[in-house]
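Below are the structure tokens for one structure; questions will follow.
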Amino acid sequence: MARTEIVALILAGGQGSRLGVLTKYLAKPAVPFGSRYRIVDFTLSNCSNSGIETVGVLTQYQPLALNTYIGNGHPWDLDRNKGGTYILPPYQKTGHSDWYKGTANAIYQNIEFIEDWDPRYVLILSGDHIYKMDYAKMLETHIRQKADATIAVLEVPWSETSRFGIMNTDKQGRITTFEEKPKQAKSNLASMGVYIFNWPVLRAELSCDEEDKDSDHDFGKDIIPKMLQVGMNLQAYRFSGYWKDVGTISSLWEANMDILDRPHDINLRDRDWRIYSRNPVKPSHFIADSAEVSNSAMTDGCNIFGTVDHSVLFNSVTIEKGAVVRDSVLMPGVTVASGAVLNKCIVSFATVIGQDVRAGADITGRCQYTNEHLLSGGITVFERGLKIRDKAVIPGNSMVTYNEPDEIIETRFRV
Amino acid sequence: MFINAMGLILADHKRIQLGELSRPRALAAIPFAGRYRIIDFMLSNMVNSGMTSVGVIALHKYKSLMDHLGTGSSWDLDRKNKGLSLLPPYINSVNINDGGEIDDLSGLLDFFRANRRRYVVIANSNVVFNATFNDFVARHEESGADISVLYNRDGMKYGSPGAILGVDRKGWVKDVLFNPPKPVSSRCSMGVIIIERERLLDLVNEDVARGEHDFSVENFLRRYVELKIFAMEYKEVLLRINSIQTYFSSTMDLLDERTRQDLFWSGLPVFTKVKDEAPTLYGSKNRAENSLISDGCLINGAVSNSMLFRGVTVSAHATIKNSIIMQDTYISEGVVLENVILDKNCVIRPGIKLVGQKEFPVVIGKGAIV
Amino acid sequence: MFINAMGLILADHKRIQLGELSRPRALAAIPFAGRYRIIDFMLSNMVNSGMTSVGVIALHKYKSLMDHLGTGSSWDLDRKNKGLSLLPPYINSVNINDGGEIDDLSGLLDFFRANRRRYVVIANSNVVFNATFNDFVARHEESGADISVLYNRDGMKYGSPGAILGVDRKGWVKDVLFNPPKPVSSRCSMGVIIIERERLLDLVNEDVARGEHDFSVENFLRRYVELKIFAMEYKEVLLRINSIQTYFSSTMDLLDERTRQDLFWSGLPVFTKVKDEAPTLYGSKNRAENSLISDGCLINGAVSNSMLFRGVTVSAHATIKNSIIMQDTYISEGVVLENVILDKNCVIRPGIKLVGQKEFPVVIGKGAIV
Amino acid sequence: MARTEIVALILAGGQGSRLGVLTKYLAKPAVPFGSRYRIVDFTLSNCSNSGIETVGVLTQYQPLALNTYIGNGHPWDLDRNKGGTYILPPYQKTGHSDWYKGTANAIYQNIEFIEDWDPRYVLILSGDHIYKMDYAKMLETHIRQKADATIAVLEVPWSETSRFGIMNTDKQGRITTFEEKPKQAKSNLASMGVYIFNWPVLRAELSCDEEDKDSDHDFGKDIIPKMLQVGMNLQAYRFSGYWKDVGTISSLWEANMDILDRPHDINLRDRDWRIYSRNPVKPSHFIADSAEVSNSAMTDGCNIFGTVDHSVLFNSVTIEKGAVVRDSVLMPGVTVASGAVLNKCIVSFATVIGQDVRAGADITGRCQYTNEHLLSGGITVFERGLKIRDKAVIPGNSMVTYNEPDEIIETRFRV
């Protein structure tokens, strides 16, 4: 094992602009999810549980929080002397420098990093999906099928095929054609954005693609179609189980609610496939005499004096007496003061909801923060580090972000 | 940051036994406060003081302690030069059963030789508080004492208080009484002392030369006539665990707002082994109140005035009152528990009723199926 | 990479003693080959096979082994779930001197329960070679055997060869002779076996039930009648350390190009504890030849056909021939050494002459001042 | 200790172009030095031995080798859960992105990183000096003197003052004026480029400096003079001991020779202040019957069959029988074939010097690789990964770098 069998590369460079203020200071993979986790915990834990020990995280946009969150990689058992986690932003080479231009270009720019490990296989992952998957089994299939590349696919409802990259395969699972967001799909097998490549093959394709002036340098649009065109053996690896792209506010909210409504689908209590995360180091949570908690998930450091229903609370959330929180997601350190009522709200780090605030899906109307471009269904989002004025009323579909103090925002503070 | 001191924790105490809870493990390794083992508090105090070298003397039943401490990484003590050293008794002969001897103190001497800090903070593991030692070490240095000892005013509070200190106006220890029937003072040793490493090495070498193999805080205090011992008061929240009763009442104290704030929210984190449990899920018909609940639980029944450790399942129609339920214990439907301590991995079958008294809680050992 | 096996190394061997070198430490912890302890080779073989879970059974004198292994980070085994587990005898009673019992096997059972891999590779620590177990585990799986054992053809080479295997044409073990006066076959067990974890658990539980507490590779081989044991040959370089003589000759073998290439330059690294010594400095009038020399040495004398460990000082006008000089030993001016083994931290005073014979090297224990 | 007392930041972003081909693929701090080390090992070990546990390494140019070398920080005991080492390249923020423009700007761009640790003090270090220094003692002085900033200084010969930033101090050690490379120095106390700042003070200065369009955003040129101008308390902290800037080929060569000629000055054998490095995992080195080794340093994995005199060999160097190496520095994996003679050569990673090659200071004349701009005194430098043709003759002051095969270079290979 002097050479490294497989290197995983997580594409975490996108700005995640559809998540609005949630990614204003954070790369998307660092966004909190599911009471105890960050989105990237799922991919990192999958790597660790699959026995993959060398993981590069390709960042570009706001990598700092992700960098400090991943740190030495210890929470995922990825603090290896050989291998481990590496944050890979674009860098300056002799004479020139480039930001990452597309998924394929991002890998192209890290050929040197990959070559240092001399791997047989490279696993390309995306940092913004919620799922549990054993990549070792996928690799076994890849090797058995003598594939040049293997793409993980899952069945999606026929009505949604037009949102995905769709694989058409023969009976043996070999991919015959690939259609990016087809209007009339011939199959409902959608690409999960999880690829295993033989490294020499991918290296050649990346170099070739880099020369192509017309290419978008994207795996789905460019690399895969070209490989199919020249007749390479691309295999589809079928995945069944919970999988969710949390790229939009509504999908992020839904995936959080799935933890409550469909706990067995993603099953966070599976001790043979733990999802690891960096621990906040807080005491057990406290449920006071006055509290009422139902259909909810919470974790260490919460202090609950009010009513919480069908909500996901992250560590160190305080719900004061008389406050009511429903169908909401409250990120670490959020305080909801007495008398406040939240419905279908997503509140980012440490924001303080003032007394008697009313916000969310049950409040109709519009305000200066109404954002129907990114929000729907009444979901209301608060930026991190805000103090919301007592008694403020905030209608659904609002994206509350600091500009200057106004009738809704009293002040902001550093988180 | 740059504290010139190292730590030494005594995982066992000859006089302290917690019945069923002590059976499978050392005192230091007894689960406490939902997510912790007792030792976590003292270890965190040392780490929060900036110590990067801590030894733990374990004499027996150290397996769960070893498992808990692991490489020391949870306390950021997985140092290149062994931040955390478990010091079990070293067996120096070929086969213990062939009459080999156990040599506790020579391992200890090696530890002190390998870790060169000026001072050593030696602590029993039965006291729970949250503080750093930086100021105490500085005051010890100023005092010119051979040994400094920490105490608080708990002397009147407990029936079996340990070492009561007679202290003069300048803070020098003039008298030490062990478990006196009628305390002469309320100053009660916390079992935490500070001593220069070189001085300690001399004292231990002397002990070894005398054939004395019993290393304890109390033995140092006993020498108050020949050594200059300085007493320093600790005024914040302190819990003493001397018995099943004090273990139970200390846990219940954590439900008190002030105690909880002082122990957990003063800004100094209490580190423990990370378990990567799922978040706790509350069902639609649970009733939880005035309780501390850890990660990974499933709560569908009624829980009040209780402490739930990680991974506890409370089924529907179960009622838990004034109780301590340890890790991964399963409470079936219709169970009724009051004033009960359940150790790890118990299963309480449907409809079972266990009721103890506040002063005499029912204690069920590890792994029991009731 | 994804090997479905865990490792278990036996740090001691009842029948193997290396005199002065064994006095302060377990067999596995004896320094070897300049930078290593004997166990490093087996540990590296396991790590290079992709194992992330290795247990080391140590029965006595395990202090230097504990110090050497540390958190396991040198072998990249400082895993979240304890990649490297030292399994000392657990003392289950309150005080060993009060008649407590030592329970080796229950700790072992816990280890097997906590680490779920399909196969276990169990190895004595007295064989030195550089290979992975991946192919052997695959062949064991195909064979359908209860146990597979590795052997080589060293049977005729050593006076006291250990277990000689009688093997039929298909590779099944039909006879096992321990230290026979006249070997019936040249197939000599390497003390490395492969067995399914579940099967092993059954066998150990049986032993416990029978009150049998001796866990050894040889005891498994003894059961060749009731168990199907498959023999697999290892054909590359192998050194066996059974005695001071074989320890000395094995070291000298390393000066041979082929042996060195096979053990160190085959592409599989041999990991050991990192010491962060300075580079070795050669003075202007030294004379070094045909020797292996480790970091941190100062060479001002004549060194030939020898092995120098880390941090050795060779003063001017000293002559070292056919010798093994361990860590941090100081050789003064004008010293003459021939066929000598010096343990760690020795000081040889000016002008001292020590001359042994190839078959009977002079051995000087740890820390001696000669 | 919930907040971090002090954060160290190592400026490792410069291209190090005066080191020529040695920094073609490596940032300067990653250049090998002294048989077992990389240049940055000294600064990292100083941090670790001083008890500093949070270290940011600001990179820009070719960070990859440095990133993989530092890895999880374990060799320096800096693989902390809280703290540890962080590689900090410039990154993309919402709306804009910048490369580092000067030493002060590099720190400015990492204000967010520093704020995350909430430190009282910040230690600014340079990644290309060879010295052993206890920063904890410097911090003690800084605190005792109630300084706004403390600058480490050392006495340099009066003849060299014009090459340094020179501090003029009063009797108490307070800096009165600072002169950058003065023609007529009033003092011989030179800045070592080691600064401790009170973080709130530095943060304010950095923000202020960033606004200044005329600033070069440099500590020595801008930040320090401005602080003196407004009367802040800047203290000089005197350092005595070995210190060397290895920014040029000749200073790098000299510093390597110092290990042999003045071993007590830097004293690598000091067990109370070890210099840590990432271990190459090689066996003890082998000295054959035919070898002659004198006045030299070497480490694990070397195989010596020839003659080595007054040279520094890194791990896994092979000197074949009959080869002669004098006054040279051979980096990891170099092979010198039989009959070759090297004098005053610096050979980078894995380069193979062919049979009977003659190279270095004793060969006069010029060739296509002669570079008197960067080289003097006959030092001859070889790029990594070259195979030098048998019998090639290479005069001193050559910088051998691959362009295409020629009469000197046979081929090159990946290292």
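Each chain carries a letter (A, B, C and D) given by its place in the written order, and its residues are counted from 1.
We adopt the following convention: contacts are C-beta pairs under 8 Å (C-beta built on N, C-alpha and C of every residue); 3 or more make two chains touch, one makes a residue touch a chain.
Computed from a predicted model, the values in this text were never measured in an experiment.
K.L.:
From the centre of subunit B, which chain's CA centre is farthest?
P.N.:
Checked the centroid distances; the maximum from subunit B is D.
K.L.:
Which chain pair shares more contacting C-beta pairs: A-C, or C-D?
P.N.:
C-D
K.L.:
With centres defined as the mean C-alpha position, give me the subunit A-subunit C separation in Å.
P.N.:
Taking the mean C-alpha position of each chain, the two centres sit 47 Å apart.
K.L.:
Could you give the separation in Å between the centres of subunit A and subunit D, each centre being the mean of its C-alpha atoms?
P.N.:
That pair's centroid distance is 39 Å.
K.L.:
For subunit A, write out the residues touching at least two other chains, lowest number first.
P.N.:
74-75, 79-81, 276
K.L.:
Please list all residues of subunit C that touch 2 or more other chains.
P.N.:
Answer for subunit C, listing residues that touch two or more other chains: 73, 78, 80, 269.
K.L.:
Can you list the subunit B residues touching subunit D in their complex?
P.N.:
By the definition above, subunit B touches subunit D via 1-2, 47-50, 52, 73-74, 76, 78-81, 132, 267-269.
K.L.:
For the complex, give me every residue of subunit D touching subunit B.
P.N.:
1-2, 5-6, 51, 74-75, 77, 79-83, 136, 139, 276
K.L.:
Which part of subunit C faces subunit D closely enough to touch in the complex?
P.N.:
So the residues of subunit C touching subunit D come out as 33-35, 73, 255, 260, 263-264, 269-271, 274, 276-286, 288-296, 303, 307-308.
K.L.:
Which of the residues in subunit B come into contact with subunit C in the complex?
P.N.:
The touching residues are 59-63, 67, 70-73, 78, 80, 82, 88-97, 100, 102, 107, 110.
K.L.:
Show me the residue ranges of subunit D that touch subunit A in the complex, using the header's touch definition.
P.N.:
15, 24, 59-64, 67-68, 71-74, 79-81, 84, 86-94, 97, 99, 112-113, 115-116, 414
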